[in-house]
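The two complexes that follow have subunit A in common; it is paired with subunit B in the first and with subunit C in the second.
Moving on to the complex of A and B:
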């Protein structure tokens, strides 16, 4: 669409406000982080990534985020399915509760996990420790990123008339075939979008993870907790380098998301 | 016998949707279940396909008791009112779906899909997506998809309900053509009388979960056994009557007993005659060719294409019952009928039914 009328002063003001706000909130910090990382040249950055605890922190972050994505993809899909296709007492309440991870402070969530799964907690694990260990981090990541797949897939599932499944059944398709060949192709893009959001959230999570993991260097330290520790230790180059890497990852995810969003919109048409 | 339904009942909570329904549909027959919305007709169809389970009773397809089988093992073809095509598949893929899950080989699949595209007259549309087709075309594809794997029976749930009137009439005829050619036993559910009369070999009237009456369109229209059927199908003139010896007493006159009426003396009966069976005469020029049921006054004359509708109120015992007559335009102008004119009402044919 082309602008035909000349811009009014108010329109110009609004544009300036929006761009200024964006510049201060996320463009300037990005520039600052990149500038800070490269302030001392390339060598200190490379040194940071030679540090085994940094490498380990990235491994923990990526592997556990991947696991959280797998768990939330399957359980999120199931949740979305149950919420759209089954009627049961308390369904509406449950539907609302799915958003709890969005509104809960991650720190409180982490604390609740310590209370529940800690040594004297109600659900204290008998064998492998959860709290101050890797399973705790996974749990925290799963918790904070839980709603994304549900909320992306649910509206698309709602547009699939139950008659489509009934038609598949009368034609002879079993429930697995129906899911794979009738349902999945319809929700594929939405599911992928939810997965990307889940991954982004899981990678970036700090609060819940910090509380539940104890940030033990070389063991339960994640990339974001490393940034936090490096800042406390006045190791700015380390903090900046890891931050830049995380930022690049996020930008990659952003690009992926916008291309998926375009596909979703096309599908709706 | 392709479809046998034996004493099937179904309730949702305390609401009885089907009350002990039994029905037999012969091989190759096109059977229409006709009923208002909420009469239970769609429920019955879903029970046959296995999309619902009956509370009691049995469903037998081609001699095989399928009552407890899931829909996948019944081999029925089902067509829904809202087409329900798979949106992400092309027309060809939709039609081939049943063949591909049966692991039919590619060449055979393609041959069959070509054949069906020809049958539904959409040869050029094979590679289109459903969203690129009109409603009528989508429903034809849905029909082809349901026929592809040669189903044991074809079940159609208000298949033309979402289409506009012109397309509906066309599609109806092409369905009948296809059904005749393939000889597949078919049940179609509709609330549309015209549709039912147009295509059915036999019609079943369903009302509040009960299958009231079965018969050919002609028999149900001319000689229904139930009062509901008589007034549900078309326009019915119904007058109180009783039998007396070899005659019927209506409105203080005697009419000969119709050949198909075997009713007890003195029993309360209804005399049914359709508007087109009514003959009107001037009081000074009556013939005894028709059964005369008395004199009346013309209340209204209106155009009901292509006929003329005349409303008459009888004088005498039935003074309050208006009678509808359908006459040709030339009959009306010959009689020079006007509102308020005195006429004598005669019946070309009539039917008796118990109350």
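Moving on to the complex of A and C:
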């Protein structure tokens, strides 16, 4: 990699633009949210977290986002594998369709789920409710965060030559061993990155969840739904403190990821 | 030796287990769950009423009742219940949102006869909110048509409550309450056109619209008496103007028959709805700015005379002023007619807004 010390005015201008853009888009709002949370001191914030419905909202958010990560890690890996290792009719189309959750409005996805799984829906569940209950929230989170693992892992898989897998097979490795000893070491950084993005997207999801959850306090309300409710109830401290916590969670995950990645890279050397 | 990973797994396990159960108190004998699907605004009032009902039901039957609460915009809530959100009780902002559930076969046709006040649990008025001290001297509807006045009102295309505002403005003008416009349909239409041209922001629902006004946008908000009184209670700085002529808002409540029969909760759901009409619940609504439908309680807030005290003490800072000319939705031949005439694809307001935005 070649680094250039900026000399020309254009280079300096570019740096200023990039930093200014970042400052306006995410640093300023972050500062505003933190300031809003601490505007009334520590006591109102503590009171927010003493509200059992807030604690429950975080539990629902974390557990269901974790479950969404598990589902999308496994199915995402499988999808990436199928797309890179197999040739079948419609593969290109399917490859394009994987990105649908990125271009689809989450609110519309939520309504589509109600049409499918709601009362008199095509796939109305006979026993356990899906929409307006926790499974619906999980489904919404899985949907919106589906492409990350696939899109992170797929290009790396493409760079691994099938010969390595064949070589492993000829010396007697079963398919699981081949995956664990040959494939996984190659893709783990990409997988890790995909998992982190999936988790961050899942905890932050609002639109689809707001439509399918019914927003029942202490039951199907998620942390982001609580933020929306608190804003409408003039409980700005509640909204700000939960927002700050969500921000800290996301930043924490990013930090954790980069430190893990560094450790993995050191192990490889 | 205790390993961190063990502690972590234990914590994860506890987190998972507790997330899947709704919040409930421990060691209660077979509690019953009741799901209330409400529109956003009366949330605080229900926060006062639900504990009273829980106590009442415990005394009556010995059973603990857990009320699961959901609040969102009335139309969205109604569509969710129609789509399979199995709420036992709906408390909505406008009657058509209940009618949708009747049409869907979830609520019986005769729901209005099941409660003492024709299915309506609270009332309010369409009013105007202005900046402190009323710097622009707006005294009634006529002031909204003046040039360079910025008006805030929610969007009737998305908000049921917003439709009250447009109907109030039109009806009042037709009754001659908009100075400078003739007291007939032609004058009312011209008035509505002038007001629409002054609209600064059309928010998605009533609460969002009023919060926009609270944040300092606009000179006058067309809003609801309960919204202004409720906002003033938590320190909002604005003046309430009750126009001489306006519409009476009536908010319906109903038991969702299909779902209570499915859950076996009919008895407790009906008891809850009846409880909403009793004096203490009506006082709780009034303390949050809603006009009570129960006349005894109304009396305590200056509507007629005096009543009997109970567990809820009337807030003496709230009084409901009389209105000279109060009309109802019947002015327009009921909701079905009004919606078609004003908010349908060819409705008057739909056309006016298209013209104004096309300019």
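Going forward, the second predicted complex is superposed on the first by the 240 of 269 C-alpha atoms of A that agree within 3 Å, B and C clash if a C-alpha of one lies under 4 Å from a C-alpha of the other, contacts with A are read in each partner's own complex, and residues count from 1 in each chain.
Everything below uses one rule, namely that contacts are C-beta pairs under 8 Å (C-beta built on N, C-alpha and C of every residue); 3 or more make two chains touch, one makes a residue touch a chain.
Note that the coordinates shown come from a computational prediction; the quantities given were computed from them, not determined experimentally.
Visitor: Counting only touches as set out at the top, which of subunit B and subunit C does A:52 meet: first, second, both, neither?
Guide: After superposition on chain A, A:52 lies in contact with subunit C alone.
Visitor: Would you sort A:161 into first (subunit B), second (subunit C), both or neither based on which partner it touches?
Guide: Once the two structures are laid over each other on A, A:161 reaches subunit B alone.
Visitor: Which partner does A:119 contact after superposing on A: first (subunit B), second (subunit C), both, neither?
Guide: second
Visitor: Quick check for you: in the superposed arrangement, does A:134 touch first (subunit B), second (subunit C), both or neither?
Guide: A:134: touches subunit C, not subunit B.
Visitor: Regarding the shared-chain residue A:233, is it in contact with subunit B (first), subunit C (second), both, or neither?
Guide: Second partner only, subunit C.
Visitor: In the superposed arrangement, does subunit B or subunit C reach more residues of subunit A?
Guide: C
Visitor: Tell me which partner A:174 touches in the superposition: subunit B (first), subunit C (second), both or neither.
Guide: Only subunit B; A:174 stays clear of subunit C.
Visitor: Quick check on the complex: what are the subunit C residues that touch subunit A?
Guide: 12, 15-16, 18-20, 22-23, 35, 37, 40, 43-44, 68-72, 80, 82-87, 207-208, 211, 231, 234
Visitor: Can you tell me which positions in subunit B touch subunit A when the two form their complex?
Guide: Subunit B reaches subunit A through residues 49-51, 70-72, 74-78, 80, 82, 84, 86-89, 97-98, 101-102, 142, 145-146, 149, 155.
Visitor: Per the contact definition, I'd like the list of subunit A residues that touch subunit B in the complex.
Guide: 161, 163-164, 166-174, 177, 181-182, 185-186
Visitor: Taking the complex as given, what residues does subunit A use to touch subunit C?
Guide: 52-53, 56, 59-60, 62-64, 66, 114-115, 117-119, 121, 124, 129, 131-132, 134, 210-211, 214-220, 229, 231-234
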